[in-house]
Amino acid sequence: MTQVKSLADLRKIKDDLQGKMGLREKSNSPESLVQIRVAMATCGIASGAKQVMEFFMEELDKRNIQAVVTQTGCMGYCFAEPTVEITLPGQAPVVYGYVDTAKADSIIEKYIKNGELVEGIIPVNYETIQK
Amino acid sequence: MATIKLSTNKIDELRAVCKSFNHEKGELINVLHKAQGIFGYLPAEVQEIIARELNVSVAHVYGVVSFYSFFTMLPKGEHPVSICLGTACYVRGAEKIIEEFKRVLNIGVGETTSDGKFSLACLRCVGACGLAPVVLVGDKVYGRLSPESVKDIVAEYAK
Amino acid sequence: METIKINIDNKIVEVEKGATILKAAKQVGVHIPTLCHLHLHDLNIENKPAGCRICVVEVAGRRNLAPACVTECYEGMVINTNNIKVLNARKTVLELILSDHPSDCLICSKNGNCELQSMAQDFGVREIHYEGEKSTYRADTSPAIIRDVDKCIMCRRCEMMCNDVQTVGVLSAVNRGFMSVVAPAFERNLDHSECTYCGQCVAVCPTGALTEVDHTNAVIRALADPSKTVIVQTAPAVRAALGEEFGMEPGTLVTGKMAAALRRLGFNYVFDTDFAADLTIMEEGTELLDRLNRHLQGDTSVALPILTSCCPGWVNFFEHQFPEMRDIPSTARSPQQMFGAITKTYFADKIGVKRENMVVVSVMPCLAKKYECQRDEFKTNGNPDVDFSISTRELAHLIKQLNISFNELPEEDFDHPLGESTGAAVIFGTTGGVIEAAVRTAYELQTGKKLEKVDFEELRGMDFIREATIDFDGLPIRIGIAHGLGNARKLLEEIKAGRSEYHAIEIMACPGGCIGGGGQPLHHGDSSILKARQKALYSEDAGKTLRKSHENPYIIELYKEFLGKPCGELSHHLLHTHYFDKSVEVSVVE
Amino acid sequence: MAKFKMHLLVCSGTGCHASESELLLQNLKTIINDKGLDTEVQVIGTGCFGFCEKGPIVKVMPDNTFYTQVTPNDAREIIEEHVIKGRKVNRLLYVNPETQEHISDSKHMGFYKKQLRIALRNCGFIDPENIDEYIARDGYEALAKCLTEMTPEQVIEIMKKSGLRGRGGGGFPAGLKWEITSKSVSDEKYVVCNADEGDPGAFMDRSILEGDPHSVIEAMAICGYCIGATNGLVYIRAEYPLAIDRLKIAIDQAREYGLLGKGLLGTGFDFDIELRYGAGAFVCGEETALIHSMEGKRGEPTMKPPFPSVSGYYEKPTNVNNVETFANVPVIINKGAEWFASIGTEKSKGTKVFALAGKINNVGLIEVPMGTTLREVIFEIGGGIKDGKKFKAVQTGGPSGGCLTEKHLDTPIDYDNLVASGSMMGSGGMIVMDEDDCMVSMAKFYLEFTVEESCGKCSPCRIGNKRLHEILDKLTKGNGTLEDIDRLKNLSYVIKDTALCGLGQTSPNPVLSTIDNFYDEYIEHVTDKKCRAGQCKALMQYVIIAENCVGCTACARNCPVNSITGERKGVHVINQAVCIKCGACLEKCKFNAVVIK
């Protein structure tokens, strides 16, 4: 195993590990970050939700955006799968339907980065168990 | 009094332990821990060997052994029952559990049943306060006990 | 000396920097009571576990009370040693100690000589407010020492003596809390331990927890038996200490009064162990010269240095702890045993009494002597050479019990022939004395010249390990001296490692030698008493006309009439012994 | 490297461990593997989450779902429902006892709301057996900073400014201790971590060692750097096997990374750590006793001064701090003294970990800023008293502490306020008592502990505490007199004033504080021969209320000593002279006819 020989070495290890721990780290204070919830029930997965989720995770990381990507159960909009719920800090959640990687890309670039709404919003009318 | 039988194997093991600690006086407690691990308890003979190996007096070794409650000079039962007497367990009725064990096993605290199966001891907080009252049988922890559950625990091991 | 100013009981005083409150208070005449604390200044032995908490005092600005024995003074410290808070605490603590102590004072052997008892007296304790369960233990009687540890107050003095000073390591604090007590390993009896019976634990015990096995009744019975010829011998150190038991100043020599008292007690013959001490020098000195000369002639089979062997505590010590070195000490028996052997042979013949009808009693400053005289090798057909060995304290009890007004007795002499001795014999009682006596004789025997100056100041003193080189007419003889078994151990380790360059070493088990023996009147922590006793012995030596053992006319006569020559065949049989390996092997059962 | 979408954190602290969390962890891992999810979902055994009452705990990240009392059999459902289908397993969620709501996010649980976790920052968050996870959480950065960017004096200055006080009981300023030890001149010095946590009912040190061992290792190395020591020793209770294992693993990992051993982080500073085991002696929590024990001797305390900072382990200067104190150090270095000092009260900075136990709903380990009130701790975090009973007292500071009552509920908790209220911080045990607890018995319980654990060296503790216990026993048996209460008080004060060590000096606190706060109860035990809590057996009677008795004979049949007489269908009577107060009749009576008087 490599020996840590300086503060720089240590920081490098830490940076390498960020991705791994980031998930937990971010979920500690999700309200201050962008939260992305991908519906990952059978219908979602069948429509490619998995790829969408992976795309979000990788791209957000690459583009250096602090976000929490979570999977949830079926949101009830099976007709519009894959569905993704985006919550910007301090804002109400917005749900997008028919999300593929291309759509995901524009969600990141437009909505997440600049707050511009993208086409394909589904009206929110479900309740979570917390409520 | 039963004669104490120490096998030469185990004594060699004990001597090796002393050697691994460089025969240092200061390591007495570590050595005693290992010795109790080997023999299950610390009979006088074992203490005499340790005293010689570490070049301290037997009285010193015994003084230490008799000071610490973790060390015992009596062989424990096959299934040592230890009842936690931490405050949390006390407040949640550990005393009743002791009484029930004493009654069911028909022995006192610090004693071993005549068939050598069970011995009864009290110990300080094991830190499983959320499960109070807590009992250990060997290494297994039983939590949230009531006096009624004592019989079942004993039955589990009595086979 | 750097000093600081402190305030004790509203007096501003200047004391040495770094001094404890106890020491500072003493300097200014304030007596703070102590119980566990023990400080033998001259021997540099101190016990201060700060455990009894009797010496607590109030220090301004401190949350709780401070134990005076270990709390160091600081500049401007304000101390109150006797306000109501301190007194209440002290008395309460004393009551607590008493509440866990048997109240059989009237029949306790320490009655009248117990530090706890006198403290209760001083404090005016009339009621114990905190009675409760007492901790009780099994009593233990060994050949020399009785442990009645119900009376132990955990002052730890005995533990300190046994471990730190004597390095015998038989005693340790055991168990915990209320049941803690000082005991041998596994709380076994002392005779199942490596105890040397040096008795230093007994010498410092403040209560009746550790006492000697009392033979006074056996002696009284023997004295009352008309069929027995009862002979007494008294060790050198006894005469320098016995007076203390009768209120005399420490260091008062009571040789004459003691002889008178023994005669009034009814002993048929009042002899002196000093005679046997002279005899010891003849034997041991001859052995030393023999070994030395063979060594000088290149005989590698002889072991040097030679170690003295008159101290039975020391003999027990090396038999247990250094059995592999048991060929190094002189084979000469101790004076007590030489006396017994000569008395029950030579003298018995002389007066025509069978040994079975003879009772030899020794008065010793020592408890190990009780064990020594019971050794099998010192018996003939089961009859011991010395029947009973009693301590200086026991002799005092005997005298008191038989209504003898000791202080008013005339000075009398010992009986002949075994009561005659030289100055060399009397200094056996102090550290350095045996070897000085040996040097006086060995010098003349070796060189054939007369020794003009017999006082060897370089061998005297209280330092634990001393050494000197004595010029034997051109031949330098290197002498080592150790007293206290811990110091003996140091010299033995050196010999074992091959680093020792001594020709002869004197070893005494007790600090100070026999003057500080376990059977002496209790010093209660005042080591100046030992110094006074030492001084007394040297003054008795100085006052004698004959000061070399080989000049003792009765010794000369003994060899002429009976023994032949020193280290001869009869000597070998009667006056020499051999040693045993008493180390414990761990029994392993397969 | 696999990128996990989801982390399942499974508590592997001793409490949960005892409830088969190990098997649960295994089951989760196996099922994840079986389903081929092992590249997406990571299962991690962590240290204690603190919420031991409801253990074993499983926390699902990133959605913060908090499952309680999870059994090994629940593993499949969690994976099939939550992990695969994204549906939370409702029945395993924590239920708010007041609203009966299922709460999924731990943030919304009362237990966690008021907590601020500094010492416990990594407990229940990282895998304690993986140094990487510690490093990812800024681990060893403080050490690196100290070694490469700061002088020991500068580090000590930060420690002093932070106001961190010893968390083991006394509350001595840690920075000052470090400074004194650093100034002692010696060829060798030692850093000792006191992990001989002995207060019955306190287990924060164990949790930290189990959940975040590296924080202690890092802090010890920092301390070594400051005071000039190259050797560290952890004195740990042999009764903590899990903590010992984790600590050993952590030390090995740190050595592999070059964070322990020779030339730490490429500097010339050497530091390594050894373990020494305790053997069951409470007094060894006292630092001089601890040092004697590490030297292979009886754990008897000696007088201070000399303090270990000047003369400790083998007479060398030794800095002793406890686990929780050390756990705070790396954060203080990383975030700064000002940040730490901004938390807490004027004289007590930072947070304190408390072990909540007794008659409280949420038994567990909590960490709150100094200055939080007892009310917040007991009623908000602790969820109030069990079974809706009435709060009576809370015992803090273990056997060295005292009882706090209703009137202290709004006192901000810090070192000085607790002492002023007749208790002390101690190591942070908080035992909550309700109306069924007898305060005389409580004092007796603690004295029994002290008598058992007294080393026996000094007479006030060896004999005095025994006598205190005997007098209390007399009171609980109804044989006490009013003079006994005076005796208790005088003896308590004398023991406080004269005992040798901290254990002895504080041992009468439970007696004095219960006499102060519950004097009436003491008097009742003496004059009325009554125990209002019904705990003192000798003082209570089982009585049959004639109106309620239907003569079913159940009580008489079940009485082990035949003390109950009565005709079938007639009123039964208990013969008090024979009754052994076992309570069997009370249990068997279906008509509420048997009552305790």
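For reference, chains read A, B, C and D in written order, and residue numbers begin at 1 within each chain.
One rule holds in what follows: contacts are C-beta pairs under 8 Å (C-beta built on N, C-alpha and C of every residue); 3 or more make two chains touch, one makes a residue touch a chain.
Small disclaimer: the values here were computed from a predicted structure and weren't measured.
Enquirer: Tally the contacting C-beta pairs at the B-D interface and at the B-C interface, and name the larger one.
Expert: Top pair by contacting C-beta pairs is B-D.
Enquirer: Farthest from chain C in C-alpha centre terms, which chain would that be?
Expert: Here the answer is chain A, farthest from chain C.
Enquirer: Nearest whole angstrom, what separates the Cα centre of chain B from the Cα centre of chain D?
Expert: Here the centre of chain D sits 23 Å away from the centre of chain B.
Enquirer: Starting from the mean Cα coordinates of chain A and chain B, work out the distance between those two points in Å.
Expert: 54
Enquirer: What is the distance, in whole Å, between the centres of chain A and chain C, each centre taken as the mean of its C-alpha atoms?
Expert: Centres of chain A and chain C (C-alpha means) sit 89 Å apart.
Enquirer: How many angstrom between the C-alpha centroids of chain C and chain B?
Expert: 44
Enquirer: For chain D, give me the residues that contact two or more of the other chains.
Expert: In chain D, residues 281, 298, 455 touch at least two other chains, as defined above.
Enquirer: What positions in chain B touch 2 or more of the other chains?
Expert: Correct list: 56, 60, 63, 67, 69.
Enquirer: Taking the top-of-page definition of touch, could you list the pairs of chains it picks out?
Expert: Once each pair is checked, the touching ones are A-D, B-C, B-D, C-D.
Enquirer: Which chain A residues qualify as touching chain D in the complex?
Expert: Within the complex, chain A touches chain D at residues 1-7, 9-11, 13-14, 17-21, 23-28, 30, 39-42, 53-54, 57-58, 68-74, 129-130.
Enquirer: Provide the residue numbers of chain B that touch chain C in the complex, in ascending order.
Expert: Residues 3-8, 11, 44-45, 47-49, 52, 56-63, 66-67, 69 of chain B touch chain C in their complex.
Enquirer: What does chain D use to touch chain A in their complex?
Expert: 1, 3-7, 9, 61-64, 84-88, 90, 93, 102-105, 108, 125-126, 132-133, 135-141, 144-145, 148-149, 256-259, 265-266
Enquirer: Once bound in the complex, which stretches of chain C touch chain D?
Expert: Per the stated touch rule, the residues are 49-53, 56, 64-65, 67, 70-72, 85, 88-89, 92-93, 96-97, 99-100, 129-130, 132-133, 153-154, 173, 175-180.
Enquirer: Touching residues of chain D toward chain C in the complex: what are they?
Expert: Interface residues on chain D, with respect to chain C: 281, 298, 300, 302-303, 305, 451-460, 462-464, 466-467, 470, 487, 490-491, 494, 496-500, 505.
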